[in-house]
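Shared between the two complexes below is chain A, which pairs with chain B and chain C, respectively.
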Partner chain A sequence: MRRAGKLLLALLLVVPLTACWNLEEPDEQAFVLGSGLDYTKQGEVMLSSQIVVPSGIGSSQDGGGSQKPDSFRMMKANGKNVYDAVENLQKQVSRALFFGHRQTIIIGHRMAVHGIGSFMDIFIRNPQAELRSSIFVVKNAEAKDIFTITPIFDPIITPTLSREIRSMGLKPYYFRNFLAESMSETKLPLVPLISLNEMHKYVYAGGAILNKDDDLKLIGFLNAKEALYANWILGNLNRLAITALVKKGDGNVSVKLQTLNHKVHVKPSGSQINVDVHLTGKGTIVENNSNLDPTNRMDLMTIQKALSEATQTSIVEMVNKVQKRYKADIFAFGESFHRQQPVQWKTLRTGWKEAFPLLHITVKVDIQCKDPGQSSSSLMKSFQKPG
Partner chain B sequence: MKLTGIQVVWIIATAELVMEVWLRISPAIEIAEQDAWMSMLLAGLIGIVLTFLAVRVSMLHPGQTLVKYSQKLLGKGFGRAIVLPYFAAWYMLSIDVLRSFADFIHLILLDQTPVWLIELLMVALMAYITFAGGITSIGRFCEIAGPVTVITMFFTFILNAGNVDWSQLTPVFNDIGWKQVAKASVAPGSFFGETFMLLSVIAFMNKPEKAMSKSMIGLFITIVGVFAATSMVLLVFGSHLSAGFKFPYFMIVRSISILNFIQNVDIFVIYIWIFGVFAKLSLYLFLTSYEMSNWFNVKDWRKMILFGAPLIFISAIMVPNQTWIVMFQKLWQDAIIPFCGIGVPLLLWILSAARKKSVQA
Partner chain C sequence: MNIGTDLKANEQAFKDVFQNCSDVKFREIAINDQPKLLMIYTDGMVDTDIVLSHVLKPLLYNGQPKGLGAMDSIAHMFNRELLPVLETMRLSDTTAIAELILKGHLALLIDGEPHALLADIQRFEARSIEEPTEEATLRGSKESFTENLRTNTTMIRRILGTPKLKMESYKIGSLSQTEIVITYIEGKVSTDVLKTVRERIGKIELEGILESGYIEESIEDFHFTPFQQMGNTERPDVVAAELLEGKVAIITNGSPFVLIAPVTFWGGLQAPDDYYERFLFVDFSRWIRFMFILFSVLFPSLYIALTNYHQEMVPLKLMTTIAMLREKSPFPTVIEVLLMELMFEGLREAGIRLPMQIGPLVTVAGALVIGEAAVRAGIISAPIVIVVAAAGIASFVIPRYRAGYPLRMLRFPLLVLSGLFGLFGMAVGIIAILIHMIHLSSFGTPFFSPVAPLASRRLKDILVRKPRKLVKRSGPEAESS
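Right after this comes the complex of A and B.
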């Protein structure tokens, strides 16, 4: 009898082990892969979500030409805040919305202008996958417009966007980075920017600068080139292609930089603060349309000099724009100061916002072509009239 | 009931790691910012001193637990009165841990299950292990759960290696002074001081002469674990963001993402944590039951479980809100540690030393 009792107890314990407890089975869940936040003209939050349709994803072999349903559906709902919108969205979906696999958060243009600071709480209080999600701002469009795009390679747009960032040579920018920057003392977040082109496909458009001191409102944009340069200064760039006119050689040269380094030195002297930015890049010549021969040392020096100078000029322009027009420390110069001159920082700490536009920033770019590629002088010569 | 040296090592490590890593990291970072790792080392120092005291005292009375030798030294009446705060401290600690644990599981995992049911399951399990084998089975359990906890934590650190940014720790020791670092170390130090439970545990060791070295190894594992977890939290999130999280260690586990493939490993950590909470609660249920039987001069200490387990369960349900839990942690630091961790052990030490002298003379 005792034995039977023990056995019964053991069997009872099996019930919770089968995990039939909270009933969160996959076919009871609507998996949200991406969420977009927009701000409506009426002053409400519009939450758009990309929801996976599992029956649309299966492998292509079993389809055999039969009509498959779409692999995703874009749904949207308005609300007073983010969770209110989630609840309103739930009314349209028969399965429980599940955000644990969210990969992307997209901020619409109007939302960025309004400022997203007041909608951030839910992502820290109730984080399901946010720390691993990527975040984007959309230029001149709403977040929901991005989710309706059918990408070329993937069935769904959300993973494509993170791959796009990687294919641009950038390190991934997670929501966690965004949060850390928004909460940091001096650095302003530079969030990857996408926009729609005429074909209604997405295109990498650079970066959006948000004001962490003012409700994370949009300050301004950097275009794709500028954003790459800014990320070079930040050390978030793995590779970069540069094309510049080499005057002496009467043509342009492209180089693919594989090793990028960055050094920021902060040197206060008197009342002025000098910031020296030294950027170095090493790479391979991939296209040479000039009449110079990169295997020749003198010619190579000319090419390197021209490339370095051209890049330097563009970067100085970009830095000026950010410093004078946007007055936004996206380069983490404040943090560099904090680390390099910790004692002086204490007096400057509170006044950094005012000090930033007055910094004396010098940029030096040093590009080296380690490999001239698989030919010496340009092939262009053989197609020209000898003369 | 006997404990081996290794079991004592892991009892300390399992019971302490759980609370320190779960609850003490972000308050320390709030005060000491990027230098919080120093605070943890300083806290470890506090822990070493308190542990030394507790082990020293109990080694002077081999084979006797706190309630026995306090009566021997202070007489029946006063000896009994002085241990009452220990019962209060241990019961309140159990209530606090049980409630925090159940709230956490409810929030993260079983949101449709009532909190009391989670608590009931845990209380039933801990009553069972305590009833079945007392300290021996708890020691054996810790011997397994402890290493598993440490190994799991180690792996979460390795998997986070890609998220590490060393500049988050700089500038070292500049923004805040020694005062802040010391201030931040008080709370975690008081949690390390939980080792005053050894006053009653050492008596069960089969080789009591090794008590000191084994306790110190256990404490050392805890300090290293807490130090590593704090540093890792800082390295991944930086001081500003991690101060904003309630459970920052859990958050770094959540940020693990290797090749978009190894993700959501937080579930492993939750299970490991349940082990730790279980070990800790069972340990205190045993200690309170055993010591209470000594207090009442009851032969069968198992009967006391019938009082302790329901008390812990019902009180944990009655805890109204988070405020109480924060208050308890304050009480622990400001009253319980000074009294139970420092005052009484010191008094007992002096008395035992004096007695020894008078016996020799």
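Right after this comes the complex of A and C.
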């Protein structure tokens, strides 16, 4: 009993000795929900932060008429590096900035062009919550512009962005994925891209390819469609809607793919390296404006073939763009090679960057319509003039 | 001092003993115009019917019994022919006689005989057997112990009708002369425990025993601990169950609470229903109980630690809501929680002793003060009320009310620790509590067994209850611990 007391006392005395006293009431803290990194013309970092204003959130019952403050505030500050900017930001905020709940990191267009590699150190050296925050690149705008958007559903924009990614059928892209990709041997990061539309709302704009070998500078963009296809090859896509013209049926058909599979097969033959990409998708026909009847086997085959071919053409175009124009291995073909041909990889490892544009890539898409929907042939027939 | 043959002198002796005791009555009876007989009894503790019909009437109406010649004394005659009483005895020691008179015996002193005849015709008003008020169950016996020792022993004997059920009687308390009974099942009980109990009871030096709590405090192993090392129950079926597990029960005259030793921490978390209801449901509710007990001890301090030190561990939406609700409150979170906890304990304490008629008043005032007004006025933030009320209610899931005392008390040191040092302080506090609990023992049984020291065979009955067919009961349970 007495010994236990002494032990307890000794254990507790350890704490004041370390001089650590980190008690912080929630009302002494400014919760930062998202940070944006921009590069100013003067060559400084501009850190914009979205800070929650607790008194502006919720509680509609008290003070019906009284003026409620906004639920968030966008603050920005410049600095020589990220932490310098944080310190400058703190000068404008009366509560201690708390980054533990930062959900989103947004990189402005100019910052992406300048290259964010030289500003990444703080996120690794002094990590707060970055591993589970999502990361985005903004096209043709600054990061701070995103934070001023008032979203439709949430009081604050930051959670909306990651939800948007999920609603597109994509797996969430976290900072940890970004870190892993920027440190990988061959793969280049494909970061989700957002842009602003005319109504000053955000819109999913595809992906940004950053060059991990050159300070994470921006190489180029993929548009929304292309980014979805690229993610299909990567296996990051859960569902996809495809609409294509079926010539024989004289109309277009839409199919919602629920089960998406991808297979990448690397076959070296002599000096030539063949990469076979086989993408399969199964789904439901949701709209049929052709005069074909999906319940009819032959018609269904026609529809499937047309859809597969159309998709295949777009994907081949996308792959060519990435391979020939950007010369960026965002599809992790290098990693597949490494996994499938570990012996040959040793000779190729250093020269992969040069080898990638020369790969012979074939893409094959197989779309199966498992479910023709609730009706057989299109109702359109009955609206048309007979004969 | 012994009594003599002279009735007058004896009377005077007893009148001296019972000076100013208005409830002790003296009654002289004359046989053949000679005061030959003196009755002494305590008014209100004897069965007056017996006195009237078997002592006074025969003597007064029939005169001296004819058979007297064959007997050697009147006392003998009473014993043999008149008193239809099970227990009689002849004594000549004044103090012993006086004691028995006060316990409800009728003393008969006869002129010319140097001893008194004592007849046990004790009868007094007592509470009848009622439903248990503290340990209610949905299923199982509805009897509870009363203040009368004999009634209580009867109730146990009725459940366990075996001669192996032993009841050893002791008298303790130099003034109160309280009768207590140690009961156990021979062959099941651990002899070591029984020996310890007997020894410790023999050493009790108290003037009066008003409640079994006096005995508990006198014979428990550790005084400076919030944990009780003896169980107490008002249910005969619980006592019987514990006896079957090889434990010792101590029944105290005048107390409806029977002590049980040895007990463990886990025993206090079991309800009698656990063995009456179907086992699947019992396992479910047992785990609910474990969860809520942890919750009641840790939740308030966890709340403080998380909101004051480790904000990143709280999901964002919850954190912003908490921050929003805290915005207006003037006190630090720790102070808020302490205030509300004290308030809650105060309400609980007030609720116990309130007369029935005033009870609702406290409920209303408490609900208004704690629930509404404090939050409305912005003095206490709403989450605190939720935390404290939830933890408070959770602490009442512990089936034996007294086993919940320590857990309710230990919340406070944990609160202070987590307020000072966050999760680290909380961890230190929990470790200290565990060290303390493992250090405790109850009559030789480690308090935290069978978890520490680990006895995996018995662990199964602690975490879950298996259906009876799968449980092999073997030997004295206490031996294996």
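Heads up, the rule we're going with is that the second predicted complex is superposed on the first by the 358 of 387 C-alpha atoms of A that agree within 3 Å, B and C clash if a C-alpha of one lies under 4 Å from a C-alpha of the other, contacts with A are read in each partner's own complex, and residues count from 1 in each chain.
Convention: a contact is a pair of C-beta atoms (placed from the backbone, for glycine too) under 8 Å apart; a residue touches a chain by one contact, two chains touch by 3 or more.
Since this is a predicted model, take the numbers as computed values, not measurements.
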> In the superposed arrangement, does chain B or chain C reach more residues of chain A?
Replying inline: C
>> Taking the superposition on A as described, I'd like to know which of chain B and chain C A:Val52 touches: first, second, both or neither.
In response: second
>> According to the stated criteria, A:Leu131 is in contact with first (chain B), second (chain C), both, or neither; which is it?
In response: first
> Where does A:Gln344 make contact in the superposed view: on chain B (first), on chain C (second), on both, or on neither?
Replying inline: neither
> After lining up the shared chain so the two structures overlap, which partner does A:Leu7 touch, if you call chain B first and chain C second: first, second, both or neither?
Replying inline: second
>> Let me test your reading of the model: by the given contact rule, A:Asn238 touches which partner, first (chain B), second (chain C), both or neither?
In response: neither
> Is A:Asn252 in contact with chain B, with chain C, with both, or with neither (first, second, both, neither)?
Replying inline: neither
> Is A:Gln29 touching the first partner chain B, the second partner chain C, both, or neither of them?
Replying inline: second
>> Under the stated touch criterion, which partner chain does A:Phe98 make contact with: chain B (first), chain C (second), both, or neither?
In response: second
> Looking at chain A, which of its residues have contacts with both chain B and chain C?
Replying inline: 22-23, 100, 129, 159
>> Could you list, by residue number, the parts of chain B that touch chain A in their complex?
In response: 109-113, 167, 170-171, 174-175, 237-238, 240-241, 244-245, 251, 254-255, 257, 260, 263-264
>> Which stretch or stretches of chain A touch chain B in the complex?
In response: 21-23, 100, 124, 127, 129, 131-132, 159, 174, 176, 179-180, 183-185, 335, 338-339, 342-343, 345-346
> In their complex, what parts of chain A are in touch with chain C?
Replying inline: 1, 4, 7-8, 11-12, 15, 22-27, 29, 31, 33, 52, 54-59, 98, 100-101, 103, 128-129, 159
>> Give the list of chain C residues in touch with chain A in this complex.
In response: 222, 224-225, 307-309, 311-312, 316, 319-327, 332-333, 417, 419-422, 424-425, 428, 432, 435-436, 439
